[in-house]
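Letters are used for the chains, namely A, B, C, D, E and F, taken in the order the chains are written, and counting of residues starts over at 1 for each.
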């Protein structure tokens, strides 16, 4: 029998090892991908590839130090904004909430108390944020949601802008960054010749109702473009992708440092300074 | 019989008036409040008061111009982060999604196509964002989600900072701004003498896992403080509240201008400029 | 800071006040309204207006004496018998049961044990009766369902008959009494000139299958009339409405006296007289 | 092969016969029973026995004339007010609504359009009334709900009073009438010697909150008595039971005459007389 | 009052008898039938008739010896493979799982711990197998699923082959055996003259994808034949039916002997012989 | 850009390729794994490893010939019989049915009509069989369920018996065959020294209530053994595993030949020979 590679994958452990290996200080890392149309140039699995790669690299780089444990990825998630496109696989929101609740209930049997969703698909962000609270309440877990990059349609800042703003803040699906990362990871799956700029310029010109703006709106990718792209992939390069992936792994590693120290409850983050109002009646 | 006041409340219309009054250009405005503990100094209805007031003022100021129609407020919503506190009323996430779906199905019978949630309770933001897409897909509505202020725990920028940052970006519940607004609206319901500073300073010191940071986390208000406050209400004033409410109404009015013009689909926001990738293989 | 008006609205309390204010002897009063077509002469909000007004008056008149606490109204409820009409808002039965269960679970955190539904919409009666038992079982509450008037379609006696029977027992929707009450409350919202008699005379002639008869039947308002009215509003007057509202408040007040004394369980209403059967074998 | 008895049981038909046999004029009759504690003297199946017997006799007496078709009984239903008692079988309300919806969907494939619930268990009444509307809306059926006797806890009149009012209007479970009917149907299952008077006298003295009163309340049989009886079975006789059963069959037969003629929609019961309001403005 | 027949029907017991009668050693027997098209020659109730008859005979023959208690049959179940045929009544899978869960929860109040489904409808087998585990987990019951004959579409061996294999292993619906059993039980309901051979010969010729083969497949009876029969009923006789029923009762009786002794848990079937691996590293 | 490897993974396709690539003749292959305790010697991912490996090899060997397309594996499934063990991840049955329904709805957008579940976890078999019919009905797919080996607890024959019957037909979880296959695939994950024989001999001695017997029963692995093993892994070898995997791939390949030809409906498997019954009355 060969020697087992040192593993940081939960599912590679044997049952009696688990309680010791995955202790109260561990953080469980769940890559959340998607299988959905990504325009004419990227594979359906784009978000899954990125989430998987980032998590693999994260756990390889920092797993022992930060006691990270990788869960099997959630490959299919909330992609119904692309439901119109053959090949898109999606779970409805109540199905996905039920899946996450079942996972939370299962994981709460472990000594580990921290669960981190690393979400590769912007369309999941709101629902995963909902789940973070539900799993905290229902199962007592400490739950966290991070992204390889904070998607602009969730109100976050755009990813590190390396070479301009040709996407007008709308590079949220199959655009410059995603395309670059897949070029870095699986260039054989990219047909860059088919890539077209598809920036919703009228939308980008809005002050309120736009990606990353103060007003969220419901949309499908069919609403926004002819071929399902939202962004401008034409300038994508593997080099940019490699840089973005490294930045993502570094940022997630830094986040995991905080997560490992994060506590809630009486011994945790409760405010300790309370001053009496000087204006009380 | 007295003359009816000119109404912009949908529920005050009579059935045969509706199809003409609430036409394809109308925007339906749904105030979303909450009934939940707001610390020792604010009433349970704080979020409901604010959402109601902002919507009333918005519709009074801009309703005729922008064809806005007010729906009865959703008084009780997703407040389970305060479920531990007697007096908090809350709907579970699947219940609330079902309520919103039923409302969407009902409203889709109207000629109006635009539905705007004006959400006074930060704890609803993620779930309402989920609903925006679901109602777009299931019922064909154009859906929008705005806040009197974008709550920092949803990744948005903090509200206009008028006098400093004593809350360290954590004024998300019963803090300076909410307290000021209720002082402006219903001073009789505020006991400012009971207000205490309750800023989770350790949390605020985080770079990643904090309100408005790149990592979302699951929490209850019990996790974060002893009396359910997250922020520092001690400096609240009615004057500040009045200013904030006016800013919110103005911002929502500007948003409604965009919403009134907003279209999706072929005649809508689809990108019109597509360039061939120069680097295609 | 101004002095708070003495409040009997739960949502106007501050969190630390609640446990003392809303004690074991309190009765929580939930107005249940509806937003649904009410023919050509009445506003959509008719049932909500009436439920709200009756509860307001009830609590104003008897709240301190009987320890009544008003909850925010449930504005939208089970109106799918009017689903065909644009403007009708409705929750499906499982959604509404879930809403009521969530409310019951929330309210069971209070020391108060009594919850009274004051239901302004006849179409809710059966479902609220279902919920009464469910909330008793699931959350241990003492639950009650009352109406401003017992609707004839629920098998009850008609409301006090003040001036004849022109509706043949069928005045269940937008008829004489509802119209009169809205005339008393919001005359500006009534277009009495549009009111038409719409009495289903063939139905009224039935002995079994009729409103208030021994056989209940499923119906929509589209099934029964051309414009959604079931009754004869033509003789409605504000004076009659004022009388009816006063009668309703008085009857509910008397009911609340009983409710305040009502107990279940060993110290409650269990029969105390048990006689042996003289005919036992 | 023997000759088939002329059947009025749907499930005894062979598939190709069905479309002709169960035509548009037919009424489908579903006996709804219960299996639940019925005190020390009656069997669990009491409500099922009565519903079955009444339907059998109804169909035998009037089936050919009125084109009635018997469905297999629903033996287990909403008995959770007796859930505390071993032997009680019950479906939760959402389960039972789902069962009824599935049945409605199945039955809507038949040419028959009328479905009559004959409900032997008072605890089902509200939920079956809910289902009547839902099945009308979802499946287009004409739905009806009748009882062997209208239970007082549903607001109906008491059954024909043959010999006094010793139960004070509270004979709703295992009382005089149910016991008499089981004595008539299956005397071997009754232990009349164990029968005890169990009348909740304090409850009966209420004007509002009582069985058949204007205020419905949530209860379990454990709340109301020591042995699960609500009523006074001690005077029950088979003769009375025989009389009651005959009255029920006669009343249901008369109801089925109306049901057979009952129509909804434009050619149905819509009011035909509409008068202009003389008081319109 | 007449003497009660000695009963083995749970629903004929009176409440106080139950705890003693249905003790920890008892097995509860639930006949599961179906109401669904059975071709031109058999009644809709075929599966219900067979399940009922087999259970009745089983309990009559072995009930006292093996402490068996008969529950009211589940008449309608998972028949959606015949949903296309008017007269078929069916519950969807989640409805049926909910019904079974509610029954399990109810039955778990009894001292009895063993529940046996005797399933007359092959289309239920997979779902009842799902329920066996769910009820074990949720309610602690010992659950069992048996069939009057193991249907070939569930991978079991065919029933005792008495006279050949004209059905090619495909006699799963309204074929030789079912027809024979109904001829034995209710010959008046069979129209043997309408019986036709309907054997899916191409399917039977498969090695993998066939009834009883290693690959299960989804099908409706409409997919497989013109009149809903799958098998060859033409040779059916009452004598064969009588033999099959007697064999089924005998086999179920033998199964119930094992069930009565069956235990799970520490004192149960846990393996007691554990040997160390001679090949461990 | 490098040349893409010829792919048979659906998620590696780009959107515009899909409709042509995955045509009406294609079969979609979904590996269904599990993450659950597998005793002291096997990793949690055992079933997932096996399902993945078998499908990979199947598609590599026969994919082009038979037009097979691999879907991302379902890693977590119905493992609640091991819910007691930390590390087991599981979906409840209604969650899993919802996931499968969502997948079916998504896949039905493709031209492909055939969906094959290759199920590595015996505990899923019944539920996947339920889903086969549901997806056929709801989405019109041709659905199939196969196993690397037919698990004895599902009534199938045991896997090819290569060296005796030391497991008495009970090698269903972490036994000889599973252990051998993981030894072949990932020997580093196996601790054969920890393997112990755990054969439930009393159960195996049953004629009726046993794995693969005519009576199915509900169980958890805690019910059956001390360490979660059911079988005897002690004699496992990589060579046996390699043989078993090859046999599985061969058998699945042969099954896929049939699946590729399989049709339902009028042009499909409907019986074509119908004979008149000679014994009709």
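The definition used in the following text is that contacts are C-beta pairs under 8 Å (C-beta built on N, C-alpha and C of every residue); 3 or more make two chains touch, one makes a residue touch a chain.
For clarity, every value in this text was computed on a predicted model and none was experimentally measured.
Undergrad: Need the graph distance between subunit E and subunit F over the touch network, please.
TA: Each step joins two touching chains, and the minimum needed here is 1.
Undergrad: Just curious, how far off is subunit E from subunit D if you go by their C-alpha centres, in Å?
TA: 30
Undergrad: Using CA atom averages as chain centres, what separation in Å is found between subunit D and subunit F?
TA: 48
Undergrad: Provide the list of subunit C residues touching at least two other chains, using ranges where the numbers run on.
TA: 1, 41, 83, 94, 191-192, 194, 281
Undergrad: Quick check of your reading of the touch definition: is the inter-chain graph here a line, ring, star, complete or other?
TA: Topology of the interface graph: a ring, with each chain touching two neighbours.
Undergrad: Since the chains close into one ring, what order do they take if you set off from subunit E toward subunit F?
TA: Following the ring from subunit E in the direction of subunit F gives E, F, A, B, C, D.
Undergrad: Mind pulling up the subunit D residues that touch subunit C in the complex?
TA: Result: residues 41, 80-81, 83, 93-94, 97, 123, 126-137, 141-147, 150, 154-156, 191-203, 206-209, 214-220, 222-226, 230, 232-235, 251, 254-255, 258-259, 262, 264-265, 268-281 of subunit D touch subunit C.
Undergrad: Sort out for me which residues of subunit F touch subunit A in the complex.
TA: Result: residues 1-5, 7, 9-16, 18-19, 22, 35, 37-45, 48, 71-73, 75-76, 83, 85-92, 94-95, 98-99, 101-103, 106-107, 109-111, 183, 186-192, 194, 227-228 of subunit F touch subunit A.
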